[in-house]
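In what follows, chain A forms one complex with chain B and a second complex with chain C.
Entry: the complex of A and B
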């Protein structure tokens, strides 16, 4: 038995990139003020209401940013050291040489908020619910649990997970913030208990949720980490992004953890002065142009490729990053991550070349060849920023090759409904994940019958093959090659193509200490390490 | 050399023609209204000739000119996408006037017919129609428009959103109906209406041929007054994200979105569209008020 996954997984490139996570801004010089101190209530804003209390059933930050403080997971990302993985309820673990068996030893004396002990039976019940949900239970995590054959609990402190096949992304699955551990006893009585109730083993106990107003948690004195949490409690307030800027500027809230636009950042910094703490990073969130491949003329790869070719991504990146959260040019994995292509590699993809005149000439030629000159269609978009900005950018770019698009901006529910029913021509979409692991990201681009999130409704068995191949390839070099092949195939077909990646700009009051910035807004939200300075 | 424009230089027949011209009489009697009309005509001209008079394509993004201050190249500056604000205001006039005029026309015509019908039949028909009008009137005009546009969604045809026009017209209907009914009640009491009924004409014939033409004056006044209201409503709905969609130029839309974020660095982004809305509403209100005064015999006495 070895502990191959236990060591630090941080690469040279990631190590170089980490200091860039926090860029120079007024409050940044004082990233942490002195020694941690206990007490205080953290008030922060969340932009949306939670559609459920069940972390297994959703992927929205509106749930994560309220529920994460109440739960623990098997492993977690080391605070301040992404993407290193450390134990959460697991004290230690080992992996078999063939990577088909994982054995976890749990911390002793972990208790749920109702006082009952957390044992391996709870981990087993949780993972069984995630990989084979009972009738009426939703598990959004099914694809990442496909390779798990069995979860065993030989004794109260030991969990053994047996795999059907090697899964290169399995450690990220164990560390996923979505895989909160629920009480086996509660699940036995009601498998849907977590959808309407909050009872975990995290640093904070649930107090109340007033829909449209606030969510309150208080310190759990029985939390298994010595001396944690520092806060007496937290209060998550529901408010719109515009209200957040004013609330943070007016010191009515202390933080917002998702991100602001550059202009909003500047307004808050102007208002708070030295009391503003700004942290910036690239973001595991990218804007995607998705075509409905079951509709004419988007069933023709020449039309899709032409519309991607027309986009000046490099120019757009420079300009749109000044006015919105849209930032870097990237492929299918986050630019700057271990798995991303270099700019030189990207420039070989259709739509990523820097000679826009040549790109547009080629785009016009392809449209003519496909008989789609003077193409008009409807671009479905969301009615919030930076989606609208992306929509305006796309329409302007297409106008330059003689294509007219009607900008249809929809509410979230209508936007989702159109994706589900296929009632759209082209779509401004986005995708976010909690880790850079290619399996988590490339799933968005495989065939529709393989993943519901692949809303381009295409079928491409070559992409599926490359996806499956990389998912079981442990050697990083070989896996990277497969990721490059996947990207090359995708850009050739252009079922759905990235527009730009987002930049994450978090602004908070400098009284908030101990929070870790990362390229995803889904991790480090349990608030266990946060403390407030005077 | 001096140029004389005195009445003595104009032949008597032409002088009489000038004095009998209703336009001139309106200008002389209602100079403020005439000023409003002039502004409306200028806006209408700009809207019709937008493609010729606007210096830039209103939807053309120019990354090199993002948030540019007013200058010789861009007299009213540019927005966050480098789009020329003057061009967007000129093209926005097309949106404002077309939606404003069509909504007001639809609302006032439907409301006018409802009011005349209610006055003509009287009794239970009048009672039921007026209670319905009371119910609809109890909703604030913006709330009603918001509900309608949220429920029916969008239906753009040739660049004009028919559902948006309907959403703006619906709140106008009861207001127009109430005013036209009061004018139609006086017409209904005229002997020629009784004579027409005794003559065996159909109700629709009497309403459309004998009553409706006699309430034309209040109808025209309402029409102009509600164009201003409709322009404001369209701007409000666009501001709230329920009206016209980006990148189409519309005044209310120009005040929404990025404008709120950049008002400190680029105040021209909200200043000029705001002025355009104010000027249009002011012009239509001035013209509507003056038209009312001019057409009302009591005001002439």
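Entry: the complex of A and C
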């Protein structure tokens, strides 16, 4: 389980599932040929430029895939063994019985890249910055830190974290790759120091960033993990997805860690032959159909439910997975994760039944009852794949119940503007997180006044209650029941509903060894375990 | 000549001011919010308060007139501002990319001139022969095939034939000429082909036109060799419209290599432009538009000056 309060352990269900997952998704374990060897520069592609260097202030992979190698976190996900949590700068930790106090013992020999020791004061300064950012500092992590009452540093190696209330997802917060530990001394001089500077305690030191071109890191010889990192350095190159395929095929780069489409995978494999290493997994990223619940007729649950009922998710999954990254059918939590519903449970939700004729008949009935026959509206979408594919799929499905939707494909900035201002009827949205923990995921579906990330703009106190309840429930079985209740309520109301979950396809040159595949592109990016074969 | 030059430079000011006004206010009515994008990307959780704070930090909450006045003041003092996306000075963002784009444009221009003038001339001299037909097919194909598509073909061809693709990061020419050229020669060829097609067709039609002039007939009547008639008498006049086209094409290349830069992964001005627009980075877009406007008006001025050099009839008093 991800919420292993007292040091690393793994749930029985996950332990039983892992061998099967390893067969289905061989990449979930670490892929490598032979024994690790030192040396070499890893060149890999990143599809976007970082808006900031501050991991606390953003959620984009464009920052994570460049900055993660420079930083450490308090805990981390065990390489090759997601979702097991192990220590990073913390050597060990204990949780009080009431789960309201956590005590961490730090490794004794950790140094920042400037040679200064990393102590509990640095952890305290970092966590205080995350939970109560000084003026002018952006913390994107406020919700996950809201239950932390105090962070104490009684001695240089001990960190004590006191909670206001139990938070079942707190271990994921401690292991989050976003919560990089910054130097207290640097923050004291300038709280915004990390926004434009890179100085951590991770396996690689920062060398240079040439805007729009590349980012370079070199091995930090003082890294606290013995013998790591293996690489002499890395070079992250900014490039478009189309250029990545050619560059990987032409061996100009060795990897890209976010993911390719099936078509791109096939092209690279054709070009590289046996030198291609393909790793696939389900992905903590799902496409969402979001209705603007403050607009007619989407303020009527019958209309929303009808539009969700009309979607043949099972059929769509089969056909769309061949041409895009859209893959599995799932609920609000990643299918295959510890928290997900079984297919049998899913089939009971509106829009997940396999009898499409019955679903469409019911959808038409609901629309008629709501006085919304011959409904026409605009579906706001992004102008990139696989969003466009998802939009086309939706429109085709709705056409079959007599609903006509205009497909408006917008640039990202216009799409965000419409989403933020509520100037849309329905939109194709997506959501990703670094862990499967329900608190991290369900927040997308609560009331708008509780979380602005829930862009359906609905108010549903029952969902809020269930969310709060599961967030403080430590017992795994009881929490799962609450998650199921949350899902049942959500699908009944259908403010926003998942369309399909993405499939992560990572293709790299076989020379790259030791990298861990996982269901999220946000973890395992510190490159500390990666080595290059000849 | 100097007073003409001064007049032309003075006329550039209202042109650029007009561009600045239109750009600034049009950008403010186009939908898009850089702050929402920056903070919400990949599922970022942010409150409206945080968005308001960031907007205030970037100065987006101030009256438009104030923002415009500050921008104008910056332009006059050569301070282009700071990118709202990266937080780096705009001059640095542009400076990093300008060298690459300029080099590709110059290389494409050289390739184009080397191809276009001989082909256009041959096509005109051997009008309606197989030489002319061959050149016309070549040039029409150049106009019909988009440069980015040709670029994709080049890359796929290199991959298929040599299992090799051009380098993906820029190395300045003075650091490693071979590395530099192995990256930039391909986009220069892809762009230069279209550029050459445009110029070659202009050279052909101009030479055909000029060859009908009385002074050409006179030269021939005096017994001047045909080669000299073409090279000395016809070419000099025929090149005037070709120079105009070539100059404007060159100016276009500075900001117009958008897709080609994507295909070859060139960190140039075109790609920066696309990124700035997709992020609604107003400050950067404004600076880029002003840069391109400046390039265009400067190229026009240079073309007019060249007219004076090549044709005594239009020499400026």
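One rule holds for everything that comes next: the second predicted complex is superposed on the first by the 506 of 534 C-alpha atoms of A that agree within 3 Å, B and C clash if a C-alpha of one lies under 4 Å from a C-alpha of the other, contacts with A are read in each partner's own complex, and residues count from 1 in each chain.
The criterion applied here is as follows: a residue touches a chain if its C-beta (ideal position, glycine included) is under 8 Å from a C-beta of that chain, and two chains touch if they have at least 3 such contacts.
Keep in mind the model is a prediction, meaning the values are calculated, not measured.
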| item | value |
| --- | --- |
| Clash or fit (per the criteria above) of chain B with chain C on chain A | fit |
| First (chain B), second (chain C), both or neither touched by A:323 | first |
| Touched partner set for A:242, first chain B, second chain C, both or neither | both |
| Chain B versus chain C as contact partner of A:388, first or second or both or neither | first |
| Touched partner set for A:399, first chain B, second chain C, both or neither | first |
| Which of chain B and chain C A:534 touches, first, second, both or neither | neither |
| Chain B versus chain C as contact partner of A:409, first or second or both or neither | first |
| Partner chain(s) touched by A:344 [first = chain B, second = chain C, both, neither] | neither |
| Superposed model, chain A: greater residue contact from chain B or chain C | C |
| First (chain B), second (chain C), both or neither touched by A:433 | second |
| Per-pair minimum CA distance [chain C against chain B, superposed on A] in Å | 5 |
| Intersection of chain A interface sets (partners chain B, chain C) | 242 |
| Complex interface listing, chain C residues touching chain A | 30-34, 36-48, 50-51, 53-54, 57, 85-88, 92-93, 96-97, 155-156, 158-159, 163-170, 262-265, 267, 271-272, 275, 277-280 |
| Chain C-facing residues of chain A, complex | 45, 49-52, 57-61, 136, 138, 140-143, 195-196, 210-214, 235, 237-240, 242-243, 246-247, 249-253, 271, 410-414, 416-420, 430-433, 443-444, 451-453 |
| Chain B-facing residues of chain A, complex | 242, 261, 263-264, 267, 315-316, 318-319, 322-323, 383, 385, 388-389, 391-393, 395-396, 399, 406-409 |
| Residue numbers on chain B that touch chain A, as the complex places them | 59-61, 63, 66-67, 80-82, 154, 156, 241, 245-248, 257-258, 260-262, 264-265 |
